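Both complexes shown next keep chain A, but they swap its partner, so chain B is in the first and chain C is in the second.
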Partner chain A sequence: MSKLEAKHLGIRFGGLQAVKDFNLTMESGELVAIIGPNGAGKTTTFNMLTGMYLPTEGELALDDISMVGKMPYEINEMGLSRTFQNIRLFSSLSVMENIRIAMKREAKYSFFEALFRTKKYKLAEKQINEEAMELLKLFEMEDVAGLQAKNLPYGEQRKLEIIRALAGKPKILLLDEPAAGMNPTEIEEVMGIIAKVRKMYDVSILLIEHHMSMVMKIADRIFVLDFGETIAEGTPEEIQGNPKVIEAYLGKGGADEDE
Partner chain B sequence: MGHVFQLLIYGLQLGSLYALLAMGYTLVFGIIRMINLAHADLMMLGAFAAYFLFQWFGGTGSMAILVPLIMIATLLFGAGVGFVIERFAYKPLRGRTTVASLVAAIGVQLFIENLMRCLPGVGALPKNFPTLLPKVNINIGGYQISSVQIIVIAIAALLLLFMQRLCYHTGFGKQMQAVSVDKDASSLMGINVNRVISITFSLGAALAAICGILYGSLYPTIYVYMAGTIGNKAFISAVIGGIGSIKGAMLGGLIIGIMEVFLQSFAASISYGLCFVILILVLLYKPTGLLGGKAAREKV
Partner chain C sequence: MKTVRKIFKPEYFIFLLIYLVIVGLNKMGLINAYLFQVITIAGINVIMTISLNLVIGITGQFSMGHAGFMSIGAYISAIVSRLAFQVLERTALTDNLILLAAVVAGGIIAAVFGFIIAMPTLKVKGDYLAIVTLGFGEIIRAVWRVVDYTGGALGFSGIPKLTNFTWVFIILLIAIYASRNFIKSSFGRSCLAVRENDIAAEAMGVNCRNYKVLAFVFAAFMAGVAGGLYAHLIQFIQPDNFSAAKSTDYIVYLYAGGVGTISGSIFGAVVLTILPELLRFLNDWRLVIYALLLLYIIIWKPYGLFGGREFKFLNLETIEATDSKLRKWIRRRLRRKKEEAKS
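Our next item is the complex of A and B:
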């Protein structure tokens, strides 16, 4: 069981309050979505959660251990992993290597064993490769394991990002617009992948996404941000009927028309 | 034919020194896209470290134990200095323009050279490097090869093999590659980027320091400004091989070393200049270097 908790989280860039008073408690296995218009502070929130930005206000904890001030790699080791809005794979490395880099670096062999390529090293290497391969097989990507990541089609690159984030066996998975730039069929596929991840792994997912149809279908709870403030929070049904949300998306006139 | 063989040995010994130094340039460039102009000065520091260690401890114990100890101490010294330089001169500038770190590197170079010159016991005058490696002449088909040459080439080859294995077959090597592609993403995948960069710097510096001992053993005159031409040629080697590429650094070093020796035997006065001709030709026809990838297009 793991719990991600943000209390009154906020960040200020000079005079701009990018995110203000963000409160989130995530229980194990939950899928929470953050939606909001462009510039609402969704990715900024992700960047605070992963340690890329240092929040200027509030608290942030994973399983009651504070994450504020920790380096991104330390937060990753605590069990938080993410994908990126604009794909950031290790483009010149192979699909397999991308996965292997993200796998937890348990000391299966020493540095010198690696240098001299001892039996133990080869055995451990084989095991790591098999583990990575298994993960790829699960998502039907074993055929492209040897390809350079940059040579994959766009949809596959997005998929690889998700698998790479999973390879570190995270407790919390942050997905930043996993369906960006995809067509309806591909979106279906991404939803399938997310469903699979939830079924196979004990992981909570925090999702940023613009495709409303997708969010409404898969999210347990939704947060709506606008100008850095949380304007609504609730189940998909509650959010769909919330006038404040409609106003944020369509402007005041849109909200009036709807009523 | 025998003459060619002898020149080839000279070329190999010089080339392996260039390759060791080029490795440092290429590692640092590969990982943070920075040209560390002060790199060759680590070689000078290594040579002087060994020089003083031998002055202080020479005569105690047998050479067979003392020399390896001096080498290890020099290696650690080089790694330490590399770490300190990175930590205090380059790290604060990371993320700024490339020019900032380039200028910082020039500053570090001037600082090291002039600091050494002021130190008591060093000064600007050349020093004779002690004979650390056993010197026996070996006669092969009427041509003389010194045991020093063989030992230097062997040590350099071992170190290059070590680096090759390190970069391509260890977890740390993978981390280096990942950091070189994308620092932020690496960090979010659980890689301690600062640590990887520090270790990379220290590795390059340690190689340079050992290179100082090897250089001193072959050409036994050392002085504080010795880094100049050697550093230039090693840097050219790295660029010719494809800067950022480990194998490229080795290949480039050997090419420049062997070319230089052969050219010197025909026309000594133009051999240095011809290094640059090779550089220009390579840059004209294959701008990323012989083994360089596509991604090396970088403004400096």
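Our next item is the complex of A and C:
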């Protein structure tokens, strides 16, 4: 059971208030989506949650332990794992190696135990290899385990990023536009992967996405951001009918023209 | 039979064979003392290049002051052996024990300096790091010039000859083994992650700074050991032996052989140490040939002479030419999709 809590979270870059008064409480197993037009502050929010930016206002806690001021690797160790909007794989390493790097917490041996290949090292490495292979099999990527990550097709690279984020056994998974640049069939596939992740792992998911059809189908709750402010929050049905949201996306009067 | 094979892997006999062939040819007089010395120096250069590979090739931190660590190892170990022989007599046993002690001491002190230097410098990246490490190498050289105890700029002479080919070969094997194991462990993988993408590495729970420091310290230790071997082989060291040009030599060996691979480091250092000596009969033209070889590598072999491959016995994962594999996989996937669509 894990709980991610953000209270009055905000960040200011000089004179620009990029995100303001962001409040989020995520319970275990939930899928929450953040939507909003370009430049609304969605990725900035992600960067604050994962420790890449230091929030200038507000509180942030995972299971009541504050995350403010922690380095990204510390936050990852606490149980938050993310993917990136622009793919950031370890591109010249193999797919397998990408997964193994993310599983570093399983490697419970010291530096000298690794240098001299003790029994402990061998056991831990064997387990890492098996688990990584299992994970790849689960997502039907075992055939490409030995390929360089950069040689994978675009969609597979995105998939690998999600798997890599999962490999560290996070409590909360943050997906930054997992379906960006994909065609409708590929989006279907991503939705399948997310559904699979939710079914197989005890993990809550926070998602940024532009594809409304996808968000409306899979999200339990939706946050709508515009110019750094949370303008609406609720279930997909509530959001769809919210005039403020329609205004943010279509401009003033857009709602009237629709009728 | 299987366990026997496991312990006595046939690949390992290659090393024994190489060792026996070199020593045997030397005993038979086919390799003269001069060439034998060159081969021994090549061994030391291999240790240096493997060590540099950990920093540049694996962790992706461009360091231009590696000869600085070597000089620390060389001077410290020379001091240790000088002090030791003031008390002890020279016998075969004390010779070997003191060499080992001196070399390890040199390595440890070099590692300590590696740590001290890594802490502030590793905040900078890329070109800036190159300049900072270059500066470090020069500072070390300047310091040795003013230390009277070690002979200042005149150099440290009278170092006993303790290093022999056997020692270099043994330590070289240990260096290969240790760096292979490092790369194949979680520590080496984290370093690779830092090289590939530090932002993603950090997001995957890799403390980039710690792993950079770790790689630096580990490499400095190895370089210190190599320096100790060098001092007790040449018997005379002076600060200018460890100039920026020396650091550059190691970078050239590394890139010529194939950066990021152990096999490339071995190959590059051996070829580029021995080749200029074999070409000595060409007088000044050898430098031209050396330069032409480098140009050939840069233009036609950008991944080094070894082309990003590894010797098989190292059992390392390498980046194979994956195109055919990839095409096969895509074809299989497409077929599967078609079948799904039909049913």
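Observations on the structure shown:
Heads up, the rule we're going with is that the second predicted complex is superposed on the first by the 250 of 259 C-alpha atoms of A that agree within 3 Å, B and C clash if a C-alpha of one lies under 4 Å from a C-alpha of the other, contacts with A are read in each partner's own complex, and residues count from 1 in each chain.
We adopt the following convention: contacts are C-beta pairs under 8 Å (C-beta built on N, C-alpha and C of every residue); 3 or more make two chains touch, one makes a residue touch a chain.
Every value quoted in this text rests on a predicted model; they were computed, and no experiment measured them.
Upon superposition of the two complexes on chain A, a steric clash is found between chain B and chain C.
Applying the stated contact rule after C-alpha superposition, one finds that A:L16 touches neither chain B nor chain C.
Of the two partner chains placed by superposition, only chain C is touched by A:L147; chain B is not. In the superposition on chain A, contact is made by A:S94 with chain C only, not with chain B. Once the two structures are superposed, chain B and chain C can be ranked by residues of chain A touched, with C on top. Once the two complexes are laid over each other on the shared chain, residue contacts for A:A114 go to chain B and to chain C alike. After overlaying the two complexes on the shared chain, residue contacts for A:I65 are found with neither chain B nor chain C. Of the residues of chain A, those at positions 50, 52, 71-73, 76-77, 81-82, 84, 88-93, 97, 100-102, 104-105, 111, 114-115, 117, 164, 168 touch chain B in one of the two structures and chain C in the other. The residues of chain A lying in touch with chain C in their complex are 50, 52, 71-73, 76-77, 81-82, 84, 88-94, 96-97, 100-102, 104-105, 107, 109, 111, 114-117, 121, 125, 128, 143-144, 146-148, 151-153, 164-165, 168. For chain A in complex with chain B, the residues that touch the partner chain are 50, 52, 71-73, 76-77, 81-82, 84, 88-93, 97, 100-102, 104-105, 111, 114-115, 117, 164, 168.
Residues 162, 165-166, 169-172, 174-175, 177-178, 181-182, 184-193, 293, 295 of chain B touch chain A in their complex.
Put simply, chain C touches chain A in their complex at residues 178, 181-182, 184-187, 189-190, 192-193, 196-197, 199-208, 214, 317, 319-320, 322-323, 325-326, 329-330, 332.
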